[in-house]
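Each chain gets a letter, A, B, C, D, E and F, in the order it is written, and its residues are counted from 1.
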Amino acid sequence: MSIVVRNIVRAHPSSVERLGRFGVATVHEAQGRTGLLKPYMRPVYPRATACGSAVTVLAQPGDNWMLHVVAEVLQPGDIVVVAVTADNDDGMFGELLATSYRARGGTGLVIDAGVRDVRALAEMNFPVWSRAIHARGTVKATPGSVNVPVVCAGVLVNPGDAIVADDDGVVVVPRARAAQVADAAKAREEKEEVNRRRLAAGELGLDIYGMREALSKAGLKYVDDPPER
Amino acid sequence: MSIVVRNIVRAHPSSVERLGRFGVATVHEAQGRTGLLKPYMRPVYPRATACGSAVTVLAQPGDNWMLHVVAEVLQPGDIVVVAVTADNDDGMFGELLATSYRARGGTGLVIDAGVRDVRALAEMNFPVWSRAIHARGTVKATPGSVNVPVVCAGVLVNPGDAIVADDDGVVVVPRARAAQVADAAKAREEKEEVNRRRLAAGELGLDIYGMREALSKAGLKYVDDPPER
Amino acid sequence: MSIVVRNIVRAHPSSVERLGRFGVATVHEAQGRTGLLKPYMRPVYPRATACGSAVTVLAQPGDNWMLHVVAEVLQPGDIVVVAVTADNDDGMFGELLATSYRARGGTGLVIDAGVRDVRALAEMNFPVWSRAIHARGTVKATPGSVNVPVVCAGVLVNPGDAIVADDDGVVVVPRARAAQVADAAKAREEKEEVNRRRLAAGELGLDIYGMREALSKAGLKYVDDPPER
Amino acid sequence: MSIVVRNIVRAHPSSVERLGRFGVATVHEAQGRTGLLKPYMRPVYPRATACGSAVTVLAQPGDNWMLHVVAEVLQPGDIVVVAVTADNDDGMFGELLATSYRARGGTGLVIDAGVRDVRALAEMNFPVWSRAIHARGTVKATPGSVNVPVVCAGVLVNPGDAIVADDDGVVVVPRARAAQVADAAKAREEKEEVNRRRLAAGELGLDIYGMREALSKAGLKYVDDPPER
Amino acid sequence: MSIVVRNIVRAHPSSVERLGRFGVATVHEAQGRTGLLKPYMRPVYPRATACGSAVTVLAQPGDNWMLHVVAEVLQPGDIVVVAVTADNDDGMFGELLATSYRARGGTGLVIDAGVRDVRALAEMNFPVWSRAIHARGTVKATPGSVNVPVVCAGVLVNPGDAIVADDDGVVVVPRARAAQVADAAKAREEKEEVNRRRLAAGELGLDIYGMREALSKAGLKYVDDPPER
Amino acid sequence: MSIVVRNIVRAHPSSVERLGRFGVATVHEAQGRTGLLKPYMRPVYPRATACGSAVTVLAQPGDNWMLHVVAEVLQPGDIVVVAVTADNDDGMFGELLATSYRARGGTGLVIDAGVRDVRALAEMNFPVWSRAIHARGTVKATPGSVNVPVVCAGVLVNPGDAIVADDDGVVVVPRARAAQVADAAKAREEKEEVNRRRLAAGELGLDIYGMREALSKAGLKYVDDPPER
């Protein structure tokens, strides 16, 4: 069954905006090391960053029909998350769709497939994370769905979840936890800032984090010289 | 049998030049979505573009002898297309060969193997698309052929075919069709320019391309709220 | 058994510095085409270069405990080389560890695993070569070893070996051969400079390197026109 | 947070048993082409088949602690489904755990990681689907969870879902739909049996499925001879 | 343009039959080490062998419509060779199509995509070589072509070419060369039989093939003991 | 420099024979989870097993010359271990070389490249572990070395090391440790036999291995019902 769900509950804009201030690595840690898409998802140009509330698409391999359908339900602050029913590298998305999404308020795209027109995407600064860059065009023959739960690059994404993406990858924060994770990310960053200064001054993580005793208990030995082979 | 074919019929320079004005994605669409190399072929530096008439090389894995041989038959406007008889990532090409090809009029390289000296290639602005970047050197022990038909990254390339390459990949246009495809690419780009403006103004692809009826016939339903799970 | 070897013999700083002047491709050729890590090892930002004396780490998958341990034994001019006991893309290293390594004199990192905070690494210009970029955090539960021989990306690295890394990849030079390889690299580069000028002037490698007779003996034939198919 | 959920609602044994009579391909089609794990999941010996109610495990890379924990909550008819927080090929499971699972009523294992002792598994006829065969042992250092929702090889699996696996792969049927999908699978198989006989008699799918008109509308042309090239 | 070419010239049945007596490795060598599909093409059950005249299919990813279309043009002794316009692992082929192909005289299938029902295929002894085994079903929405030249797994296949396949892979012999290659394969096999007996008796290939002088010229040295490290 | 080292010290035959009685998984554990080749190394037919003393080969990609050279230095009980200077899947080895190796006392082959004639290898029961099966033939143009240390599939192998291989993969035991590892393997197997019986009787690994306290300390919680989502 192919459906488009028109009304979804989105993560609160202020939570999304707060999450967006932190990097992907910090958000991922702040929610207990969950929600991270597989590492084959890469930005199509360097230093791209995006955050938004997920509008999800389930598409067929080699068919980008639903990427046109989704434009109609976009609201300002949304990021489009595309899963495909089978592994596929075709270039489902390019400059024209980016123009359309931007006009409708879309802030970026996360797609477990290919994209094209990457130079134009960089020039218009429309951030995209994809599994491939490939010019190959697609058909418009078989519908999928919009705003259903999808598994994108190994992670369950529900419509309305918060998405944060940067050079380190893409992380999904369940809508209901967005505010709480933003708080935890802030706390983590403050703690890290202290440690950064101590490490920059030459202190060792071994001492700052108090690791020596646990390492010793776990069996680590220090020797002065290499053992005979 | 190892042969070098000295005389080939090349795509008409004006057709090649016209094709080069359009991106790979446009040319690929304009010739009916054919001729695109597999997406593992990537430029070794960003924003590289090239077009030319293909001079083909069939090489052995780990052996770059034929990449020296081909230099002699290059003419201004040629692009070298290298296939290898087995998958191989060795660095068959680097700064010195690029210097030689440029001196002989070569406009770029498409190689289903590895290359090295990529920083120097970027600095001299010699565009290369390859399956890998790898410093590993090669031997000169077993000949291959020059200017025979080859399959490069999944696509048949005949000597003299037109090649267009950019950040989106590499596309091959059969020599005899180069002028006609350039025309079609121009027509497509003009149409796209109109659609780009309409999409930028917020119109939907659904309406511009008249997709609603076909989607409905194909079974797509709109629902207001997520179905109960 | 998990051990940290405190005292290792390092490659001589002047040899390391001399090797660092040449690119990876040149050093690899100069030592007889050995010591090159597999091509999946890529710099996390463009135009990164590094050289140093290897301090080695053997870590467990998903566990970066030893990357904290190694900081204590770093000396100025060291480069950290991390192997993992199983293929793993987790982000074992990021901005904080880079800050610590730099404070202790570390010149870079080569890691057969993932890293994160790559934008920060680029901004602080701390060079890293890795198999993946991935934000996924790691545990600190199981010790490995420091300064034991490791196989990193297919190559044996002994503590104290010289490491050279750039856009073309990473090469390892055994400590005892560092001076001799630096000499050979210099000789090679001088010879290449001569050839570069001749090639730029349009001379052919076929003639400069005297390949014609060997090609003919190996069976290469020149034909004027394509054979009938 | 690491938890073990002791009480889960399982798919009804009779529905699981009925689903098990059909192949994976039939069940996948019968539920609308959903629920299929990625094709890298392969049986470790030929002609293995299994069905059961999913007991889920979320493990750390290189750590099989939770595979011991899960044994305690197994009930007869359960199949263990293991997801790992990062891609990992380590051999988390072997003959001893298979012996334990069988003694507790387990009917098989689906694991997005590696396994070992595959000859013994074949001899004891304990069916396993995995992403790799690898003897590499694992630590027991970091807990994960049991009976939480997991994404295994690209598909969401909830505890208690029905699992069917054979030479064609692994399919997940949501618990609540198990009976209905079993009905649909039966209907499909009956229809296929009729078609199989007609096809075996030489009738064409083109006619049996009435495809000719749609193909013609979609633009397919028949020509007697190859077009000139 | 989607076309079905009804009349093709096939390799002569007696040449195909003679080629089929030799293994893939022998045929590949006999035609000068060309024509071999990439090694990811594997038989779906062990000890499968097939030979035939190629009837080619160009299909869309995730769409097996043309695999129904091709059945109508099959003649006894044909083997179906399927290329897809983009990399795709979907299960385009299964027991029902195998039943149909067999009824029409098809001798096997070579497909650069996925297949399913592999247990049934083994039981009915219908040989298939594919890039994947995957139960995932496909749509019938977009036509491709039948009996046009295709690139399958890296090799150009023209309709009517001879195909030989076994546990070692798949090789294509151009139609016009089938008889000549069969002769060369026979000669090679006879020569190998002599060498097999000499090798089995303990003679060395070094002596049988007269390699010692060339090895010495190429710089190979024999030493009694390992050099000092 | 290409060398053949004629005299190497081999692992003691009785240690090799004792190691061969245990599976790869047991030997790998018995020597502290080291020495295991990467999991892409697979037997070319099921239920193959081999053990022997390593005679090593370093070959060029696409060149099997050294596989002929090594035959001369084989002694009864040797297993040939082949590394290639670059990743390569060509079929470097087949029935004829297997015949030769067997005649000279070779017990099997471990090769980080491709092999062919796999049906014949199975019929003659000559065990081979490889990274690929591929009919593609190789040249004999560039020498490598015999009996030098090599890195094969990620592991350092010295000439004379003991090799054990079975359906779980391949493990290398340093020559000097062979006897000691065989003892440890025996002890491990005896302990496992006891545990196997207890597990078969329904006892839990949690209790047999005393894991409950450590799991609790590490934070594992048991809950009766799934938490609210």
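The rule we apply is simple: a contact is a pair of C-beta atoms (placed from the backbone, for glycine too) under 8 Å apart; a residue touches a chain by one contact, two chains touch by 3 or more.
Predicted model only: the values in this text are computed from it and were never measured.
Engineer: So which chains count as neighbours of both chain B and chain E?
Structural biologist: A, F
Engineer: By the contact definition above, name the pair with the higher C-beta contact count: A-D or A-E.
Structural biologist: Looking at A-D and A-E side by side, A-E shows more C-beta contacts.
Engineer: Taking all residue numbers at the chain D to chain E contact, is the shared part over half or under half, that is, same or different?
Structural biologist: Different: when the shared numbers are divided by all numbers used, the fraction is under half.
Engineer: Give, as an integer number of Å, the spacing between the C-alpha centres of chain F and chain A.
Structural biologist: 40
Engineer: Between chain A and chain C, what distance separates the C-alpha centroids? Give it in angstrom.
Structural biologist: Centre-to-centre distance between chain A and chain C: 30 Å.
Engineer: Would you please write down the residue numbers of chain D that are in contact with two or more other chains?
Structural biologist: 1, 33, 85, 87, 89, 136, 141-142
Engineer: Could you please write down every pair of chains that are in touch?
Structural biologist: Contact pairs between chains: A-B, A-C, A-D, A-E, B-C, B-E, B-F, C-D, C-F, D-E, D-F, E-F.
Engineer: Report the residues of chain E in contact with chain D in the complex, numbered from low to high.
Structural biologist: For this pair, the touching residues of chain E are 1-8, 45, 65, 68-69, 71-72, 89, 91, 94-97, 99-100, 102-104, 114, 116-120, 132-137, 140-143, 147-148, 159.
Engineer: Per the contact definition, I'd like the list of chain B residues that touch chain A in the complex.
Structural biologist: Result: residues 23-25, 28-29, 33, 36, 39, 42, 46-47, 166-169, 171, 192, 195-196, 199-202, 204-206, 209, 211, 214-215, 218-227 of chain B touch chain A.
Engineer: Can you list the chain F residues touching chain C in their complex?
Structural biologist: Its residues touching chain C are 1, 32-34, 38, 85, 87, 149, 151, 154-156.
Engineer: In their shared complex, at which residues does chain D touch chain C?
Structural biologist: Going by the criterion above, the answer is residues 60-63, 85-90, 136, 139, 141-142.
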